[in-house]
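Sharing a structure below in C-alpha cells format, with a few things to ask.
Naming follows writing order (A, B, C and D), and every chain is counted from residue 1.
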C-alpha cells in the first residue's frame, strides 16, 4: 500500500533482464553500441518517426530541461501550466539549462487554457524588448492533477502556439499512461498534433531510470547531443540506459504496464466514489487520484502500513476532518492492495 | 582485446546482483531508502569520514562539475593541468555548472607542477578585479597520462593551494587505481592531504554508472543537494545508483578490481618494453599505457579484432612508421588477451 | 507634453555641470579617482551608512540584477510583486545575473501583500529540494502603479521576509519620489526597516544615466565588485558616472527634483479628478498617474503634440470610449504644460 | 605625464558639446530618438555598411562579451590570443554572456599565429562531442602588446577561420589607432576582410564611455538587441551614449584623435630608442610602448609626477636594474609632456 508515487515500485523483470543482457561482452562507449542502436530504433518505430533524434537520460528533469533548452532561446518565455512539473518540482533545472523564464498559464484541471495562453503570449508581445520573448509552450499529459488532455484539447493549445510560430514540448513523464487513457498512438499524441519534442518517460512506468528526449526535427540532434554532454548526462556506458528503453518499447511492455497502473487508478477511484465521506478532487484519467478523506481514515491506513502524501497533520485533530491526499498507482500493484486500502479507509 | 577504455567492459557480477536486489519491494524515492543509506555509510567508512556529505551521480563529468560548482565562485579561476579531463573531455560542463573559468597549468607527466601553479595564482592575483580570481585547484589521480601522483607530489601541489587559501578537488575517476598503485588508503589520498572534495569513481572500475561526490565539509551538503537536483541528477529511484556503490565499496571490491586492472596494465607495459620497436611514453602507474608501435603492428592487431585509440591513419602509410596509441585495461581483462595482443604486435 | 516616462526629459544643469567638471585633468581609471570617492561618500552620507558598499552602474536593470545576484543563490526564489519591473521590464536580467527564479506575489495597488508573501514562502518550503528555495524579497517604492508603500506597509512585508531569514532588496528607481511622498529620510526607508540592498535611482530623476547599488552589509563589497566587472559595468572612466551621482546627492538636488515631479503628478491628478468622464485608477502618490479618458480626449491631446502610453487604438472607434493611459511627470515639467494638457483633454 | 592608460584623459570638447546638445528637449527613450538615429547612421557610413546592426554600450567589456555571445554557441570554443583582453582583463564576461570557453592561441607580438590557430581548431575537432566545439575567432587590433596586425596578417588569420566556417570578431578597443597606423579604412579592416562583428571603441579615444557593437549580418540585430537589454546595457536615455558616438564619427574626429595619440607614441618610442640603457620590447605601432628602464629612471619620473604601470618595485633595489613598464599615450597629450618624461628618464 505504497501510494506515494509511481517511482517507489520495482522495475519490470523484462527491463531488469535487458540490463543483465547488456552486461555481456565489451562494447564501445558513449552510445556507439548495438544496444543503443536497437533502443533508438525501437523508440523511432514506436513514434513512427524514423528521422527523429532520440537521446536517453536518467531523469525526467534532465529530459525536460534538455528539450526546453533546445527549443528556447535564453531570453524566451516558456509557457507552462501554473502547476507544471517544470515549474514546481525541478528546482529551476529548465531555467538553468535554457536561460529562459517560465511564464505560468492558468487552466482547469491542470490543463493549459487556450485563451489564457493567448493572453499570456499577447502580454509578452506587448512588452517588446523589455520583457521575455514568446517561446516554447510545454504541456504535460497525464497532467500533474492526474487528468488527461484529450487529443482535441491538446490540439487547441497547440493551435495557439503554432499561430504564433512557437515550438511545443510535451512533458511525457506519464506519456504511456496518457496513451493508455486516450487509446491513441504515440504519433497521434505527438508529432501528428504538432509537438516538436517529447520527454518520453520510462522511470515512472517500470524502468530503473530512463527517459528519452525525442526531437522530431533531426536538425536539432547536434545541439541536443552537445547539451546532453555538457550537462553531464552522456553516459560512457550508455548501454545500461539504452537496454532499459529497448525492453520498455519492445512488445508493448510500455503500454501493458501503463494499462495496469491505470486500471489500479480506476479501481481506487471507483472504491472512493462509493465511500461515504470521501471526496475525489479531479477527473481520474490514469493512475493518480486526489481525494479527501477523514483524518481517522488516514490514521487507520497508515497504522496498517499504507504510505502516501497527505496535506495536513494526520496525527492530531478532529477525526472527522477531511484531509487531502494524493494516491499514485504503480504498474506492479496488486489489486488486493487496493481493496485492502479501501477497506481500511472505509473503517 | 578491447583496450579502447575502461568503460567498455561489463559491470562486476556483485554490482549487478546488488542492483537486482535493490529491485525488491517498494522504497521511498529520492534517496530516502535503506539502500542509499547503506551505500552512503559504506563510502563514509571507506574514507574514514563519518561526517562527509556523499552524493551519487551517474557520470564522472557530473561529479566533477558538481564538486567544482560547490567549491568555486562564478568569477573564479579553477586551476587544472593542461590535459585534465575537466579541460579536454567534458564539453564545458565544469564551466556550465560553476560559471568559473579553467586556467591551465603545466607539469610533466600530466601532474601539476607546484611552481607553475604558484605562477598561475600570482598571475591571477596581479590582475586584480580585471581577471578571474584564484579559486579551486583540481588534481587528477591516476592522471590522464596514466601516471600517478605520489602522496608527496600531491602534498606539494596542495601546499600551494592552501598557502593561498584555495580549496582542492580531486578528480578520482580512477581513484581506486591510484590507491592500488600507491598502496594508500582513501583517507590518506584525500582529506588527510587537505583535499576538500573528491569525485570518487565507480563507472570505470566495474560499475554500470555511478560516481560519488564526497565533500568533507558537511556544511556544503545543502548546496550540493540543490545543485544536483537543479542539474537533473537527483534520481527518483536513487536506489539503483546507490546499490552499485554499496556493492563497490563492500568487502574491498573496489580495490580488488583496481588491482586486477593495474596488474593487466603492468603486464602490458612489461611486454611492450621487451618488444623491439615499441616505445612507451609515460610512466605506467596503473591500467593505462601510452605507446608507439609500427603501423604494421597495429594492422595485425586490428585485423584480429583488437580495438583501441590510435593517432594517425592505420590503414595507409609506411608499415614501419610509429603510431601512438592509448591502451586501457579493464578489471575484467583476461591476461590471455594481453598475451595475444602482445603476440600480434610483435608479429 | 511628453508624459511617456520620466526618462524623456533632460538632465538637470547641475548634473551636466558636474560631468563637465569631471572632464578636467587626468584621473586614474576604474573608480580610483577623487570624483568617485566624493560621490560614494555623498551616497553614504545621504543614507547615514558610512560602511555601506556603493557602486555605480548606468541602468536600473543593471542595478537590480546586480543587487539580486548578490543576495540570491542560483537555486533561490526571488519574491516580487506580479507587476514588478524586475518581472515585466528587464528581459530576464535578474535571472541572467543571479540564476534565481522570480516568484510572483499578489497585492493591491502593486504592493506585495504580506499574507500572500507568507503563502508564497510556505509553498516554496513545502516543496523541499524539488522547488526553488526561499530567497530575497524585492519591493519597489514608488511602485509600478505609481502608488507608495508607507513605511509601515514596507515594515509589514519586510517582517515576513525576516521571519524566514530572507534578505530584502528595494528597487528604488523612484526612491527619491518615494522619500518626497512619505517625507522620510533614505535611512528610514532602507536599512532602518531592514532593507539589505537598494537600487538607488538617478536616471529617472534628472541624471543622464546612473544608479547606485547600495549594500548595507560591507561584506558583500567584493562580490558586488566582481559581478559588476564581469557584467561589463565597470567603467574605465567611472568618473563620468560618479560625477552625476555626486551632483545628484549634493545640496538636496535629488529631493528637490523629486518634489517637483511629484508636485506635477499631484496637479495632473487633481485636474483629472475634476474632469467629467475621466477615471483615475490608482492612488497617486508621486509623479505617475494612471487614468482612463475618452478616446476623443486622447485624440485632441495627441494632435496638439502630447505623447504618452495608451492602451488601445486612439485613432479609430467610438469617441466616447474610455482608453486607459499612463502619464509620468518629469522633474523638469513646466506646470503650464500640465494645464495645457488638462485643457486639451477636457475639450 | 599620466601614461597609465588611454582612459585617464579627458573627453574631447566636441564629444562633450554633443552630450550637452543632446540634453535639450524631450526625446523618446531606449534609442528611439534622433540623436541615436544619426549616430547609427554615422557608424554605418563610416564602415560603408548601410545594413549593419549598430548598438551602443558604455564599456569595451560589454561590447566584446555581447558580440561574442551573438557569434558563439554556449558549447563553443572562442579562439583568442593568449594575452587577449577578453582572456586577461574582463573577469570572465565573455564566458558569462556567451557560455563559451576561451581557448588560447600563441603568436608573436600578440598576434594570433595562423598555424597555431589551425592546430587549436584541429585539437578541438579531434575531441568530438567531448570537447568544446570550434567557434568564433577573435582578434585585437591594435593588439595588447601595442603592435598592429597588417591587413595581410589579419587576412591570414581570418582565412583559417573561414576555412572552417567560423565567425570572426575584431576587438577594436583601439580600432581607430589601428586604422591610423595602417592607413586603411574601417571597411578595409573589417567586413572586407571577412570580419563578422567589431567592437568599435570610443572610450579609449576621447569619449566618456561608448563602444559600438557593429554586426555586419543584420539578421543578428534582434538577438543583439535582446542580449543587450538582458545584460542591463539598454539605456533609457540612450541619447547620451549616442551623442558621444555621433560626434566621434563626425568630421573624422575619431581618426584625428587616434593620429594624435599614435604620434605621441612614436615620439615616445623614438626618444627611448635613443636613450642609453632603455630597451623597447615590442614593435610600436600606435600609442602604446613597452620598455625597460633603469629603476633610477623610474624613480626620477615618478618623483616628478609621472604615473604608469611598472612591473617590480620602484622604490627599493639596485638603481641600475631594468624594470619593465607600459606607457600609453592619450589623444590629448601635450608633446611637451613627452619631452619632459624623456628628459627625466634620461637623467
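Worth a mention:
Everything that follows uses one rule, which is that contacts are C-beta pairs under 8 Å (C-beta built on N, C-alpha and C of every residue); 3 or more make two chains touch, one makes a residue touch a chain.
Because the structure is a prediction, the values reported are computed rather than measured.
Look at the CA centroids: the one farthest from the centroid of chain B belongs to C.
Listed candidates were A-D, C-D or A-C; the one reproducing the B-D interface, defined as more than half of contact pairs identical by residue number, is A-C.
Pairs A-C and A-B differ in how many C-beta pairs touch across them, and the larger number is found at A-B.
Work out the mean CA point of chain A and of chain B, and you get 34 Å between them. Between chain B and chain C, the centres computed from C-alpha atoms are 51 Å apart. We define each chain's centre as the mean of its Cα atoms; on that basis chain A and chain C are separated by 42 Å.
Looking at chain A, residues 74-75, 90-92, 96, 129-130, 226, 229-230, 234 sit in touch with two or more other chains.
Those residues of chain D lying in contact with chain C across their complex are 2, 4-5, 7-11, 16, 19-20, 23-29, 57-63, 65-66, 90-93, 96-97, 203-204, 208-209, 226, 229-237, 240-241, 307, 330. Residues 30, 73-75, 129-130, 133, 223, 225-227, 229-230, 234 of chain B are the ones touching chain C in the complex. Here chain B touches chain D in the complex through residues 74-75, 88-92, 95-96, 99-102, 104, 127, 129-132, going by the rule given at the top.
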